[in-house]
Amino acid sequence: MEKTLAEIAQAVNGAVLGNPDQMISGAAPFDDASDKDITFVAAPKFLKTMDSCKAGAMIVPEGVSRPGANLVVVKNPLIAFTKVLELLYPFMPQKPGIHPTAVVGERFVCGRNVSIGPFTAIADGVCLGDHVEIHPHVVIERNVVIGDHVLIHPHVTILERCRIGSRVIIHAGTVIGSDGFGFAPDGERWIKIPHKGIVQIDDDVEIGANNAIDRGTLGRTWIRKGVKTDNLVHIAHNVTVGENSVFAAQAGVAGSATLGRHTTVAGQAGITGHLKLGDNVVIGPQAGVTRAVPDNTIVSGSPEMPHKTWLRAMSIIPRLPEIKKQILELAKKVNRLEQNKDKPEA
Amino acid sequence: MEKTLAEIAQAVNGAVLGNPDQMISGAAPFDDASDKDITFVAAPKFLKTMDSCKAGAMIVPEGVSRPGANLVVVKNPLIAFTKVLELLYPFMPQKPGIHPTAVVGERFVCGRNVSIGPFTAIADGVCLGDHVEIHPHVVIERNVVIGDHVLIHPHVTILERCRIGSRVIIHAGTVIGSDGFGFAPDGERWIKIPHKGIVQIDDDVEIGANNAIDRGTLGRTWIRKGVKTDNLVHIAHNVTVGENSVFAAQAGVAGSATLGRHTTVAGQAGITGHLKLGDNVVIGPQAGVTRAVPDNTIVSGSPEMPHKTWLRAMSIIPRLPEIKKQILELAKKVNRLEQNKDKPEA
Amino acid sequence: MEKTLAEIAQAVNGAVLGNPDQMISGAAPFDDASDKDITFVAAPKFLKTMDSCKAGAMIVPEGVSRPGANLVVVKNPLIAFTKVLELLYPFMPQKPGIHPTAVVGERFVCGRNVSIGPFTAIADGVCLGDHVEIHPHVVIERNVVIGDHVLIHPHVTILERCRIGSRVIIHAGTVIGSDGFGFAPDGERWIKIPHKGIVQIDDDVEIGANNAIDRGTLGRTWIRKGVKTDNLVHIAHNVTVGENSVFAAQAGVAGSATLGRHTTVAGQAGITGHLKLGDNVVIGPQAGVTRAVPDNTIVSGSPEMPHKTWLRAMSIIPRLPEIKKQILELAKKVNRLEQNKDKPEA
């Protein structure tokens, strides 16, 4: 969708420096942009290379100017760029209405402007808000409640009684509300503990593809407002994830752990069950967290330790063979010194 | 579903101490229970805090009494509690029968009291036992055989010729019988090795959400009786998992490994291919098992080592920088001693 | 399907030693083969045990003979065996044509000899090549383009505008083209960066079950010719995977990483974003790669190091407690030596 630079600047609340009538038809990374593209200057380091950039226009932070270039000056170039992406490549909604192949149960409560794709299976007692878009092959089980402006991608399963807030996005293949992994030992056998709780997902959450989020044994597994998860993430029964936390791909949290606000869990990291983590905690990639973590702490390693300690310790691991050799040599020298000691002096 | 304490005690083979007519309408964790809830005392440590518990009734182990409280005395409170959960929150089966949208192939053998949900695709030659409940959007490929009292959640795929026992539960999004990851090198290219074996899942197995269990190259991948897996678990071609083994989330086993009875694989752990593990082996979280493990062994770390060794070794990792410094200081001291040695005595 | 040894030899371009009329009805591993089975000798070590093998025939490398046995002599026994598997257990295609339950959008371009299974949902503007086989419950979104001889297993999702080459296999439950995990921080909140790029999968690629491959933010995520992935693999936005690379199960690559030709990523390994890896790189199991890796390098560990260094370092980890003790003892000895030094000589 082609726009003038003036139209783009207006959409992002920015000011044009240069030609407001410049036509822009695409967006591109800084190094790949052509003269029909707009790009953005994310960090001061890019300012040095602005002259080599071939973009038709650039979104820049306040205070930047460049005679002869077409600039849009804004407070936060990355956030402005996300709005420009939506402007140039608008989201293409599904056709509104319920596709004739969809199966909808009894006591269905359906908001305004809802779109339900082919082969969607909605069980009894489901309640959808306004502007909900459900893509093909979604399964929504009994008595699920979903808010407004929710987008659910194909092959998502939402199991009975789970509650989804507003402005939530759930990517393809994800399972919300599977039974938690709870068994009572009976000799060597395992007796299933029935899982009768739910998953509650609050507003503005985005869940990646092929996630699995288990329901509480009793009570809820709770994904609070603004949480974002990447692909293949596992969240166990009765976990609470604090507001605006993020999980990179293949991370996992075991049962009944409580994460604070604005936690960052890097890829393939794991968190042991029943732990309590503070606010603004950062967990490094592949870390294994086994103890409570206080607010504003960065931990790495498995088992975890303060990130700076980990960096120093990891720099030594490849040198362990050399260190072992040093110790052997030291031991020899000390032995020699001890033996000499016992000898009469020359 | 409301019950009297007497009804509950009867269901779990327990004895009431207190008021058998007490009405119970819910179950709750020890700390959250209200006066209409029943809870349970899992461990002796909770006995001390029984006075602060607000539950309407408690399931307690034999030998416990508390004047004025309503107790159900049983041998194993946790197992009794699982039964109470089923009593108070009974499983709600799907409507029996084959949903009109389901597609069923030729030579279909269907047991009694089977329920098949919307959009289920059952290929030719499939055989289902009695009391099988298949949720919406399940795909069952050619010549699959499934036993009695099996529950299959939405979006599960069971590929051709796989065999599922009785009392098996498979959670949403799981794939049973995908091709194993086997390729023959031909220069830099990889030639696919056709996978013609099956997956065999024995009785009383529960498979978590979004698992992937590959078929054997030839022969079978074999999940033996009573095995339980959590979410996002990977089991490769020709693996055998011994009876009553459990896999926590995001664990994986490479091709042709053999696990003994009652193995415990913790979260995000991995097991190398072609290994043989003994019975009652415990594998720690994020462990990487690269060698055979004898019976009754706990291993941790990547590569794995005895768990106690690992605990001691891991306690040293954060202190490596300090240890390195100690060695440097020792070396200096030894050098000084050596130099003094060579000097004539004062 | 029963074949004579002569027929088998012809199919694999091999020479029969022994009885060309020997009937073969199955294939089996070396140790399990019966007198109706053919097996293969993968490595010279098996030649010693050929006499104990009960197979009706063996595929052997050039130069091997064994009087009285039925042999098929070929250059590469494993590759010949893959062909024999296809001969004895031929792939059973779905019925050709579009299943009446499938939903197909407008402007559908469909090649010759295409098979589309039940409940497949194909959106507008999709283009399929010849001999494409789509199993039940596949979702193909707007304007996806798929080449010839492609096999797509159940419950796969291919999202809008993604491009799939020829001779590609995608296993069940996999998601191609989910949004990348990109968010702009706005205080503690995260603003979604729209993902407008695609996934491009080139010819001869095989993707395992329950993978998630994200689309580019802009531009493409690019899986080049001949790549193979195992189950539960994550590939993030704007990653490029070089030709003939392989990913074992549960491995993951973060955004904008570039992998060279013929990379081997072992199970549960992770690769940090924005890295550039050379050709013929091997990444060990559970490794965490945090820096660029040059061509022809094997790395292991988290963070990664040269594989040989890692092997030596890891052999020391279990001995750290002992090493710490040695250092303490050395320190004591050195202290004693220093104290003795200061004493007047006896």
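Which chain is which? They are A, B and C, in the order written, and residues in each are numbered from 1.
What we mean here is this: a residue touches a chain if its C-beta (ideal position, glycine included) is under 8 Å from a C-beta of that chain, and two chains touch if they have at least 3 such contacts.
Just so you know, these numbers come straight off a predicted model, no measurement behind them.
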{"item": "Interface sides of chain B and chain C: same vs different residues, half threshold", "value": "different"}
{"item": "Turning angle required so that chain A lies on chain B, C-alpha fit (0 to 180°, nearest 5)", "value": "120"}
{"item": "Centre-of-Cα separation between chain C and chain B, whole angstrom", "value": "25"}
{"item": "Chain C, residues touching no fewer than two other chains", "value": "101, 119, 137, 155, 173, 210, 232, 250, 268, 286, 317, 327, 330, 334, 337, 345"}
{"item": "For the chain A and chain B complex, residues of the former touching the latter", "value": "101, 103, 119, 121, 137, 139, 141-142, 155, 157, 159-160, 173-175, 178-179, 181, 183-184, 186, 188-194, 196, 210-212, 214, 218-219, 232, 234, 236, 250, 252, 254, 268, 270, 272, 286, 288, 290, 301-303, 305-306, 309-310, 312-313, 316-317, 323, 326-327, 330, 333-334, 337, 340, 345"}
{"item": "Chain B-touching residues of chain C, taken from the complex the two chains share", "value": "27-29, 32, 76, 78-79, 81-82, 85-86, 89, 91-92, 99, 101, 117-119, 135-137, 153-155, 169, 171-173, 204, 206, 208-210, 226, 228, 230-232, 243-244, 246, 248-250, 261-262, 267-268, 285-286, 314, 317-321, 324, 327, 330-331, 334, 337-338, 341, 345"}
